[in-house]
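You will see chain A twice below: alongside chain B first, and alongside chain C after that.
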Partner chain A sequence: MEIYVCIGSSCHLKGSYDIIQLMKEKIAECNLEDKVTLKATFCLGCCTDGVSIKVDDQIITGVSTENFDEIFKRYVLQEVEA
Partner chain B sequence: MNSLTTEVGYVSLNKVGEQLCGDRVEMVEYEDSLTLVLADGLGSGVKANILSTLTSKIIATMMANGMPVEECVKTIANTLPVCSQRKVAYSTFSIIQVNNNQEATLIQFDNPMIILLRDGVHLDYPSTQQIIDGKKIAISTIKVQPGDLFVVMSDGALFAGIGLSFNYGWQRDNIIDYLEARYLPEMSAKMAATIIAEECDELYNHQPGDDTTVAAVRIRKRQTVNLMIGPPEHKEDDQKMLDLYFSQEGKRIVCGGTTSTMVGRYLNKPVITSLDYHDPKIPPTGTLEGVDLVTEGVITISRVLEYAQSYLSGEDLSADWNNRKDGASLIAQQLFETATDVNFFVGRAMNPAHQNPSLPINMAVKMRLIEELSQALRQMGKQVRVTYF
Partner chain C sequence: MMQDHLFDTKVQLLKYKVLRSVAKHAFEGTLDSCYYDIPLEIVPGKEATMRCCIYKERAIVGERIKLAMGGHPENPNIIEVLDIACDECPVSSYMVSDACRGCIAHRCESVCPRGAITFDNHKAHIDDSKCIECGRCASVCPYSAISAHKRPCQIACKIKAIDMDENRKAVINNDKCISCGACAYQCPFGAITDKSFILDAIKLIQGSDGNKKYHVYAAVAPSISSQFSYATLGQVITGLKELGFHDVVEVALGADMVAYKEAEELKEKGFLTSSCCPAFVDYIDKYFPQLRQHVSHNLSPMGEIAKLIKNTDPDSKVVFIGPCTAKKMEIQKDALKPLVDCVLTFEELQALFGAKDLDLTTLEESELDNASYYGRIFARSGGLADAVAQALKEHNVSPEEFALKAISCDGIEACKVALLKASKNALPENFIEGMACIGGCIGGAGCLTHAAKDKTLVDKYGKEAKEKTITDAISVYHI
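Moving on, here comes the complex of A and B:
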């Protein structure tokens, strides 16, 4: 699985840095390093509802530190385990 | 236009407690000649500032227009206001005039002798003495070579450290050794001036006992850096902008997410973005085959402008951006150090998501940033061209 975190201007201002840190922690915590590749990308084209991430081919917008755990569980953990 | 260019940079430190500097650097470019004058007015504060301003302005203007040095000196003597206490009108001056990037004329009166480094090594040059209006003036003519670095200082530089680090201050020989040790072939004029000024500031314990000015003139091979930011206002201009951008010689920087995607499509190569934050406030950089550097847009450029402004004002003597790896520092290194010529390719496409007034990244901000950055780069002695699409 590949996860891209948008680091374009808008998303950056909305907290890409924190999301990337959380991603790194979570991936390590769940021992997913060999299953998940984390990358950054410039602009997923959803600037108004950042932070945007892309999990394989699915774009998820509005990721924040508050809803991060929930999003990680739903789009990453469940997918990896499925 | 030949393949060489003459670059100028300088830094002034004010005597502790003074608002105005008694030293003054004036530069005039006229046709194929560049004239730099450093004047050090008698005393300090307002009086010294007026003397040195008049001296440098008059000499620079007259010299640039090809007047003989005798005329300049006489004009100064007849124009300067006489100090009521000391009954003299006095300002030292050093003139460096470079013609056609080929020949330099040095005219020196009472400032520390100009230092010349060739290939990073100190070189003594001959000079003849001439008495003009009772003033002993040293004149030298030097055939320049690419890489030549001339450094001119006010005597405040030599007094640095008196009684603190050195008994007799920092002598000219110490400055030469210091400069030789830190010389880099790609060093800009501004950087050469900055590293000496920084050391003077250190030696003075950040409380300069005298106005201290260091100016550098460097003969460089032209090096263009092309920076693109923003896609064109009209989509049909994409091709034109990209063709023009890639037809330029020199290094290439692309700023902005949408912009780099557009460039990647044009080159048919992927933009690979790094995950490494060298600075949490600056988005990571990217790579794209065919381009030297890819960064985010407005936030990164804002930081570059901050670096430029504090570097120019002399507040930032450490120039830390020269050793850091975040996007803004990397751009600063290219624009402030590597470049002698900078071409901006600015696209005016609106990103609707950026027009939110609460975000500091809207169109007006971007336009202002580019304008101010161009201005700052011109002050660093760069040739700047901005093209809008």
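Moving on, here comes the complex of A and C:
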């Protein structure tokens, strides 16, 4: 699985570097280093209220430190385990 | 739009009109059919306003169009002389004016080391064939009647790369030229200009089919903070996206990376010169080859940011947009070829906005924030050295371990002095920040304006950055 976190200006200002940090921690915590590749990407074309990420081909917008755990569980953990 | 106030000079305005027209036809796909109409569009007549007649004006516009379309491929230099536009300014450099009173003292005659001064009818006369342009006569004349009259291009070219041919036309010596563009900005007739690659940029944008086939990125130099002052930076970013760029990225983030790496390299080697300014690097190559080993091995900020973009998006295209003509030479280097696809100047970007009839002042604002304060201040003289000092701190290098003694060389003449000392092991500093243009990149030949307040604008832009340290900004390089 490939996870891209948008580091374009808009997402950067909304905290994409924090999301990258959380991703790294969470991937390590769940021992997913072999299954998940984390990458940065410039604009995903969905500048919204939160940070945009792309999990494989699916774009998820509005990611924040508040909803991160929920998003990680739904789009990463459940998918990897499926 | 208030075209008259966009630029410092009317020469820039003329160049703009040609670039805009070429770009407009290219965007509309009518360049081939309208090629011969452009001179008439720009010089409608009937009265000549710049030259002896409208036909010469149109012929010169014709030459400008060639430069706007990429120039003469047989000339490797990106700075070219438009022969028919060169007004053959007087060559003799020291001249005696009517203020000469034909005094009795004749200090000028006595001080001249070559006996070049004689007196006709009680008035001093300088024999050009003997004069060595030392200027001593001018300095001793009590009436200030002797003054230097050099060609503006030759005054601008501090490295003496411009000569005159037998027809008194300016000729650039490509073996000496470092493509800084100073002559192009200073020639009052606009007879020297940089080759433009706007057509390549337009082709990249159009070929992307609305960024569906591949993404086209605009990598903008931090000196943009001092440009397009009639609009906000946020509006310029929206304008770039309207032109068809997928995203706009700060080259200043590449500068953060350069500062970080340069600090490590400097500590290891003990003495280093910067490698950000392509004209400075070219100057060392051509004039101080013995110092080449001391030039930082880092890519320039342009190279670093393009590398990051292409790492994250391998099929993408990168267009660098900045103040610099020498960058057009830099991207021809093997290390840069796969990274940067095209270089535009701010002048050329303005022409693209004009070609699309984009009035930036009516646009919404977009955000631009990738770099730290330190990456952003690279745009002005002294910024790079400040950033390297900061990077040493962030590497936890104590002053006992390595003490930075930087010299910030503002302009190529200052670079020359420092490099001369370094070549004789007589330079007290251990880091040379070399910037060929006065003021740093904000003084670049491809800028729309070169104003004194520009430095303040760069610092202000620096302080607005979200990331406060270099390490934080470049964390995206280490995912």
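Note that the second predicted complex is superposed on the first by the 80 of 82 C-alpha atoms of A that agree within 3 Å, B and C clash if a C-alpha of one lies under 4 Å from a C-alpha of the other, contacts with A are read in each partner's own complex, and residues count from 1 in each chain.
Everything below uses one rule, namely that contacts are C-beta pairs under 8 Å (C-beta built on N, C-alpha and C of every residue); 3 or more make two chains touch, one makes a residue touch a chain.
Not measured: the values here are computed from a predicted model.
In the superposition on chain A, contact is made by A:T48 with chain B only, not with chain C.
Contacts of A:A40 after superposition on the shared chain: both chain B and chain C are touched.
By the touch criterion defined above, A:T61 lies against neither chain B nor chain C after alignment on the C-alpha atoms of chain A. Across the two superposed structures, the residue set of chain A contacted by chain B and also by chain C is 7-10, 12-13, 17, 20, 38-43.
Interface residues of chain B, counted against chain A in their complex, comprise 256-258, 260-261, 271, 273-275, 277, 280, 283-284, 286, 294, 296-299, 351-354, 356, 359-361.
Contact residues of chain C toward chain A in the complex are 215, 217, 237, 246-250, 309, 312-313, 366-370, 466-467, 472, 475-476, 479. Across the interface of their complex, chain C is touched by residues 7-10, 12-13, 17, 20, 24, 38-43, 45 of chain A. Remark: chain A residues 6-10, 12-13, 16-17, 20, 38-43, 47-48 touch chain B in the complex.
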